[in-house]
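What follows is one structure encoded as structure tokens, with my remarks underneath.
The chains carry the letters A, B, C, D, E, F, G and H, assigned in the order they are written, with residues numbered from 1 in each.
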Amino acid sequence: MPVMPLSGNHAAAYAAKLSRVEVVAAYPITPQTQIVEKLAEFIEKGELKAKFIRVESEHSAMAACIGAAAVGARAFTATSSQGLLYMSEMLWWAAGARLPIVMGIVTRALAPPWSIWSDHIDVLSQRDTGWIIAFAENAQEVLDLIIQGFKISENDRVLLPLIVAWDAFDVSHTIEPVDVPNQNVVDEFLPKRRKYRHTLDVENPFSYGNLAYPKDYMEFRYSIYDSMLRAKDVIEQCAAEYDRLTGRYSGGLIENYLCDDADIVAIAMGSISGDLKVVVDKLRKQGVKVGFCRIRYFRPFPSEALAKCIEDAKTILVFDRDISFGSEGALCLEVRATVNREGLDKRVYGIIYGIGGREVRQKDLENIIVKAYKEELNHPRKLLWLNLKHV
Amino acid sequence: MPVMPLSGNHAAAYAAKLSRVEVVAAYPITPQTQIVEKLAEFIEKGELKAKFIRVESEHSAMAACIGAAAVGARAFTATSSQGLLYMSEMLWWAAGARLPIVMGIVTRALAPPWSIWSDHIDVLSQRDTGWIIAFAENAQEVLDLIIQGFKISENDRVLLPLIVAWDAFDVSHTIEPVDVPNQNVVDEFLPKRRKYRHTLDVENPFSYGNLAYPKDYMEFRYSIYDSMLRAKDVIEQCAAEYDRLTGRYSGGLIENYLCDDADIVAIAMGSISGDLKVVVDKLRKQGVKVGFCRIRYFRPFPSEALAKCIEDAKTILVFDRDISFGSEGALCLEVRATVNREGLDKRVYGIIYGIGGREVRQKDLENIIVKAYKEELNHPRKLLWLNLKHV
Amino acid sequence: MGLVEIRWHGRGGQGVVTSAEMLVSAAIYEGKYAIAIPFFGAERRGAPVVAYNRISDTPIRTRCPILNPDYVVLLDERLGRMIDVVRGLKSDGVLVVNSKSVPEWVDRKDIRIATVDATSISMSLGLELAGIVIVNMPMLGALIKVSNIVSLNSLTKAIKAKWKGERMKQNLEAVTRAYNETVIW
Amino acid sequence: MGLVEIRWHGRGGQGVVTSAEMLVSAAIYEGKYAIAIPFFGAERRGAPVVAYNRISDTPIRTRCPILNPDYVVLLDERLGRMIDVVRGLKSDGVLVVNSKSVPEWVDRKDIRIATVDATSISMSLGLELAGIVIVNMPMLGALIKVSNIVSLNSLTKAIKAKWKGERMKQNLEAVTRAYNETVIW
Amino acid sequence: MGIVNILGKKEILMPGNPSCPGCGLALGLRYALKALGENTILIVPACCTSIVLGPYPKSSVGVPVFNIAFAAAASTAAGMSEALDLMGRDDINVVVWAGDGGTVDIGIQALSGAAERNNNIIYICYDNEAYMNTGIQRSGSTPRHAWTTTTVLGKKEPKKFLPLIVASHNVPYVATASIAYPQDFIQKLKKASSIKGFKYIHLHTPCPPGWRFPSDKTVEVARLAVLTGVWILFEIENGRLRLTGPSRNLVDKRKRLPIEKYISIQGRFKHISKEELEKIKEDVDKLWHTLIQYSSKENIEKQ
Amino acid sequence: MGIVNILGKKEILMPGNPSCPGCGLALGLRYALKALGENTILIVPACCTSIVLGPYPKSSVGVPVFNIAFAAAASTAAGMSEALDLMGRDDINVVVWAGDGGTVDIGIQALSGAAERNNNIIYICYDNEAYMNTGIQRSGSTPRHAWTTTTVLGKKEPKKFLPLIVASHNVPYVATASIAYPQDFIQKLKKASSIKGFKYIHLHTPCPPGWRFPSDKTVEVARLAVLTGVWILFEIENGRLRLTGPSRNLVDKRKRLPIEKYISIQGRFKHISKEELEKIKEDVDKLWHTLIQYSSKENIEKQ
Amino acid sequence: MKEVLMPIAYPTKGSVGNTGLWRTLKPVINYEKCTKCFICWMYCPEAAILAEDKPVILYDFCKGCGICANECPVKAINMIKEV
Amino acid sequence: MKEVLMPIAYPTKGSVGNTGLWRTLKPVINYEKCTKCFICWMYCPEAAILAEDKPVILYDFCKGCGICANECPVKAINMIKEV
């Protein structure tokens, strides 16, 4: 297993290659381009036996993946921001059709005005679609989660498409040492895609997706809901098996970083996690009982695992790199809902940070945690926008 | 003010006409078609001085509305389901560009499998976009909320596009007596659209929406968030003024139906509300202290108003005609979050009903409320799917 | 008048939804409340369709499907052979059917039956589109004859508000003739 | 070795990002941890660009921007006239600049300066693309000369892993020459 | 039983499906499936056919069908055909069956992309000249002056004629067809199925409720379209155009039936004025002109 | 100062903008704004120009610009022009300025729709033959065998040539242009601005980093494209094609410069084989052939 | 729910039931006149005519569109009112 | 925030600053040779040449692309190394 200097985007391309994807259909968009450029190169140079479809839009990219998956091929694509919005209809299609497809999303802010920097709203705005959604912290996890992603997505108790998301530039373009597993290890972990009951086949003709009357439709939706719940176990199992084969535990619903005895728990996703861990370490040394809970899978939302993680904390700080206008951050909403659903009693503060690439320093994170520790924060009703100018 | 027998869809067309829309750009989709057919007819027959753009897709429909609004025209469109998903990218654009546009959404389930029946997920899946979102209970409200919608959307402390949503068939095709205000009344309520600072103008050239670096982008998003909060007041003011002019209070963030002394409060949106009110009346007669809180505006989410409404209740039943896979209903998430944010202590039960037009009878509603009253419901963790077959 | 509930059965093209709509329109003239609920199933011309009406003196909030109608109106007698059209019809409720006589398939004793030869009336008036006879107007006439939920006068107003010229006249004639020719068994 | 932080300044086309990447690659050969963070601003060829490196013996979790680098590497001396390139550079930190001599605009006394005529080295080796001289390799050579964060040997390995043939030779030559010609003032 | 043998007895489209009585698309689909046979996968975007396919859990056709979003038919088919090719299954016809709206309007991006990439699919556009499934709204393919619910005074613009637009993409095969001439249509399908790359067939399928004519006139209307020269049968193979069927004899305008015959049988043209009729005739002349020009490629080689 | 007067001194595109040194699109935009003047609103979808317009809060151009989503330029412009028309402002040029990717690929649905409706806009596609803003990926408009980052061995398919595809929509005006021939381009813009309805101009704009040539060769490359016959200057007014500028004299193939001159100056064709070069030549011949055929409409009138 | 539920629809005659019910007029072949040219079979959009020795109409499914009657070259098919 | 914030960008020379800094080579006009044909002006993509009595280069913005030098019919422009 060679260690290679890879950007998050190149790690994704290697992961897709190791997963022996058969069809790649993608459309360029900053900051996703390097993924598909690398895959196009692998394919053109014969290093990967697959078809690369140079589609004319993201709607078509997902449609082509759907077509390929419907006849039983392993399909991969990647996009960002506007591209994700433009393919949104097809995201719903892929999930409704129960097709295992894996997609990389390099999170990026939405226009107007144009911005190419990170913001989680693009992927979070698709949280209802029936896609499993994972957030990677760094290039290594990009690689690991994509490989695991195919296995989770193709599990026949799951059969849902899966997104692995990572931050623009902070992960997509940042180059780090990445431990790239050998092909035979991945082959053992991830066997060839099988034929499912719904794989199209001229020998056994059926029509897929015909009009369903009110008497029939609801159960299909329930089945997606149901599979999402089941996916929680499958996700944990895959992480464990991947660990067994590669010696690296790099998966699972959440990461519990020193939460067990914490009074305050910070919750976040993606690339800010490293900085948060550094800050937690620092504050711990100063005697502040703070922990960090990283949400690795936003869908299915790991309510039970999260509830356990924050069981003993009094105060929760939720860091959202997104905002649902007219409400609050999507992560914060889920956390609050979890707290209520599980009958817990916690003060939860919502913090909006890093929108459109707005700089955040460790000092900023530290300040907020300390303030919360000293109970100096405003009422939770007031959302806190970190490093906002002139308001 | 003549009372006319109108379907929800025709009520919408009359509302747009009375609002003197200048540009209509729309694409047909069941169950929205009657709206635009009627408007096309108004325009072709010269009853409404406006341009009807027969676009080739919903993405283009919203784009055309955006173009029209950018130069200062009052624009209207309507869609459903797949059409809404297909235009999703442009919804974000309209809000980001701060363009007042009003859109009717006839809620419909998403494919596959095909379904043309009601389901709120289409419009709720757009809840992050920065659009104000209202739900109408019946044809009368469709008309009233659209007229008010222009005024709210065009308010220069708001400047956000606005959706009025109503249920497929239950409202869209159901024909009811609708009190249609006279043109002069509407003219008084809703003056001609004004020119804003951001209306494009060759006399004062500027470029709109250029790339914003991380140092600049976040504030634009904050401004949308901020305007959403301000819209709450504006919504209430418009409802009051409309009442003053038409003698009909038909607007405002929520409807409080016998909640003040209720132990149990049911929460829902849209066409099921009438049935819920009937059930509440019935149970009240039997001595059950139940109330009903109708969410008329889902965005901005009326947390404060809702919190007040449910202040004294112990148990909350949230009826969602949608499901966010891997979590729960979108309305339920907001309600739970509100409960936590406001520091309340309530048991909140999530109920999923009517997906893809699944039939719901008053008896079903009554049964659940009674069960909750008798504290016979399962742990709130278990989402209840109403009238689901063979699970 | 309390709440009256009606279910319409017909085939695509016969005008079921329009009947339901005209009833609402007529009710408005009488200061009543009414709704018409077409059940929409992506049906094509010729396929069975259904619609509902609720009419009342007080505002109507209920929107859920009608299970126990007071009246069932059947625009195409042949449908009764395949579909249980009287399902849920209240005891003592009325089945109004487009037929010359009581259809042989009616097997409930607790209901009343009214018949009218709507097809002949409409055909004689030329109410036909692309091979399908539009029998909704006579059936409306028959319904109000047996039910009195709205007056012939109000229905006349409603028809005049919706159509002009020849078509209006044909429809009025169809309603009145059916009103007079309906037989209650 | 503790944490070392580096900031690169150059213009689009000069190869700033590649330098940062090669440093990570070289660090891997030494079992070190390193990351390269290119700041990406949709810049076109010729426009000022910046990139960062962190190198350490222990895993690196910090991703936020580097404010107080230990080293600043300046690929185009002219940039120093317009931009405050030494902003935040630690006291006793080193500015490594592509220049024949200490640039007159350097106004900090608390830092050290190293120079190398990278442009001449690259031009003499033909490292040029569409009018822009690619000076990243000599600057890498200069940086490791003054910093020792990775060895010339590791960098050589990294270069051999990335390029083949003529280009590889040119790059190696560029690095080594710069390594030898760098002057620390 | 000559015809029966030519068309084949096997019915892959089954009776008792939800099409309207006299539906032109159903007839076209019946022919298409006869010609293409059981080694065929259909990709169907939103359109009347989505309904005709039958309500879950029943299907009206005996081949695999994949229902897909309105704008996505050609791209879905592209993904499918590439995947099948990778799996060595190049014996399967990957066939898009889409309406005119789904082809010339919302579907044109995907179609144009697949054509440019020369993806190995057969794209059949059945043209009922409006959005019928949603209740007769104007599409780009609606002919000039036709009534629809969104052009109550008649459409102002001429028909967007996709066969030539697709031909401008340099694809190996483009053809038009009519349900009134099944043998011609079937021959074209068989040829298309034998060619590798992107094949496009545009099939004229009158629609009784949408065009406002009695259900027994569907074939008659389709035939009149051809015999009056309004709908022209041709194929373009590698850039070379050839008129087919009755259209071969209609280059001479005098041999065509008067256009009024076609117009007057349909309610959708009921309202048109003399001038509007002339304009329709002009459009027809223009199209013939363009096609003749196209077919005379050889003549110009000299230049 | 003849040229200066013809082009006009006023610079609406301002210096100090973020285009690359030697950028062809910037030069084209400079000309376009000179020709169209200040009564112009630009609609710009995602493309290199989105950057060239300058970072917020600064704009590089002196006319109103509306940035819009990649697929939405033509439809946005349609909405704008209809609204302006309603307001009585038909004196304003509503102009789409879009890249080739935004035109021939993702933007074609909106473009085709606006063309079919004959919306009153000028659509300018500047063609740098790839997705440049995202770093040189293949577009439909990339010519055969050109290297891009997604066709590292060269593109297999020929260029999707949009001018003829748009012309098949029966719009009143279609033209090609080149930044090497500003007067020709400006004349066409002025003509377009005087016509009501849908106008389409396809402008060839070489790109130094994308095509791999030194920044001082931009105009030279553009000129060679015309003189070798690879890029043909023409206009189609109401269906009538007319060659313009130097292309008028290049019908005779012998008068054209050898295509190698154009190919060899660019890095993106560095890798091509003899056979591939021949294929490129064939594509050029084919296009000339088609255009000549088009222009000889009159000759065939007799048929 | 043990298995993932998929919207799979299997080929079935009468996917929407017995569409013979939709009929207003019923085609009746006069076999005396019929020349067995099978043009009626060819043009039936419903595939509701069987090509046996002679054309046989499947009344369970025939929707009564009348195309067969309209296209029959010898007018051997009559459309009669359905009762 | 009192007012709604809108992404409005106003026309500004040097929207991205003084792009003269981007230059590697600098065009210098030899006015002795120059015939004032203004072809350099015509082809400058940056609008960085003023058409006065003679062509005048705006060095604040000229990016040094070299098109002017390449196109000048009398080779009156030299590209010299920027220092």
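Throughout what follows, a contact is a pair of C-beta atoms (placed from the backbone, for glycine too) under 8 Å apart; a residue touches a chain by one contact, two chains touch by 3 or more.
Every value quoted in this text rests on a predicted model; they were computed, and no experiment measured them.
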| item | value |
| --- | --- |
| Subunit F and subunit D - chains in contact with each | A, H |
| Count of contact steps on the shortest path from subunit B to subunit E | 1 |
| Most heavily contacting chain pair (counted by C-beta pairs in contact) | A-B |
| Where subunit B and subunit D are represented by their mean Cα positions, the distance between them in whole Å | 56 |
| Gap in Å, rounded to a whole number, between the CA centres of subunit F and subunit B | 43 |
| Inter-chain centre distance, subunit C versus subunit G - centres from mean C-alpha coordinates, in Å | 31 |
| Shared-contact residues (touching 2 or more other chains) in subunit E | 18-21, 23, 50-51, 53-62, 67, 69, 71, 105-106, 108-109, 112-113, 116-117, 140, 208, 214-216 |
| Of all residues in subunit G, the ones touching two or more other chains | 1, 7-11, 16, 18-19, 22-23, 63-64, 66 |
| Residues within subunit A bordering two or more other chains | 30, 54, 56-57, 59, 82, 86, 89, 93, 96-97, 111-114, 116, 205-213, 216, 219-220, 222, 359, 391 |
| Residues of subunit E defined as touching subunit F within the complex | 71, 104-106, 108-109, 112-113, 116-118, 140, 157-158, 160-161, 164-165, 168-170, 239, 251, 286, 289, 292-294, 296-297, 299-301, 303 |
| Subunit E residues within the subunit G interface of the complex | 1, 3-4, 7, 9, 11, 13-24, 26-27, 30, 53-62, 182, 208, 214-220 |
| Interface residues, subunit B side, partner subunit F - complex | 22-23, 25, 49-51, 53-57, 59-61, 63-73, 75, 89-90, 93, 200-202, 204-213, 216 |
| Complex contacts: residues of subunit C adjacent to subunit E | 42-47, 130-131 |
| Residue numbers on subunit G that touch subunit E, as the complex places them | 7-19, 22-23, 36-39, 41-48, 51, 58, 60-67, 69-71, 79 |
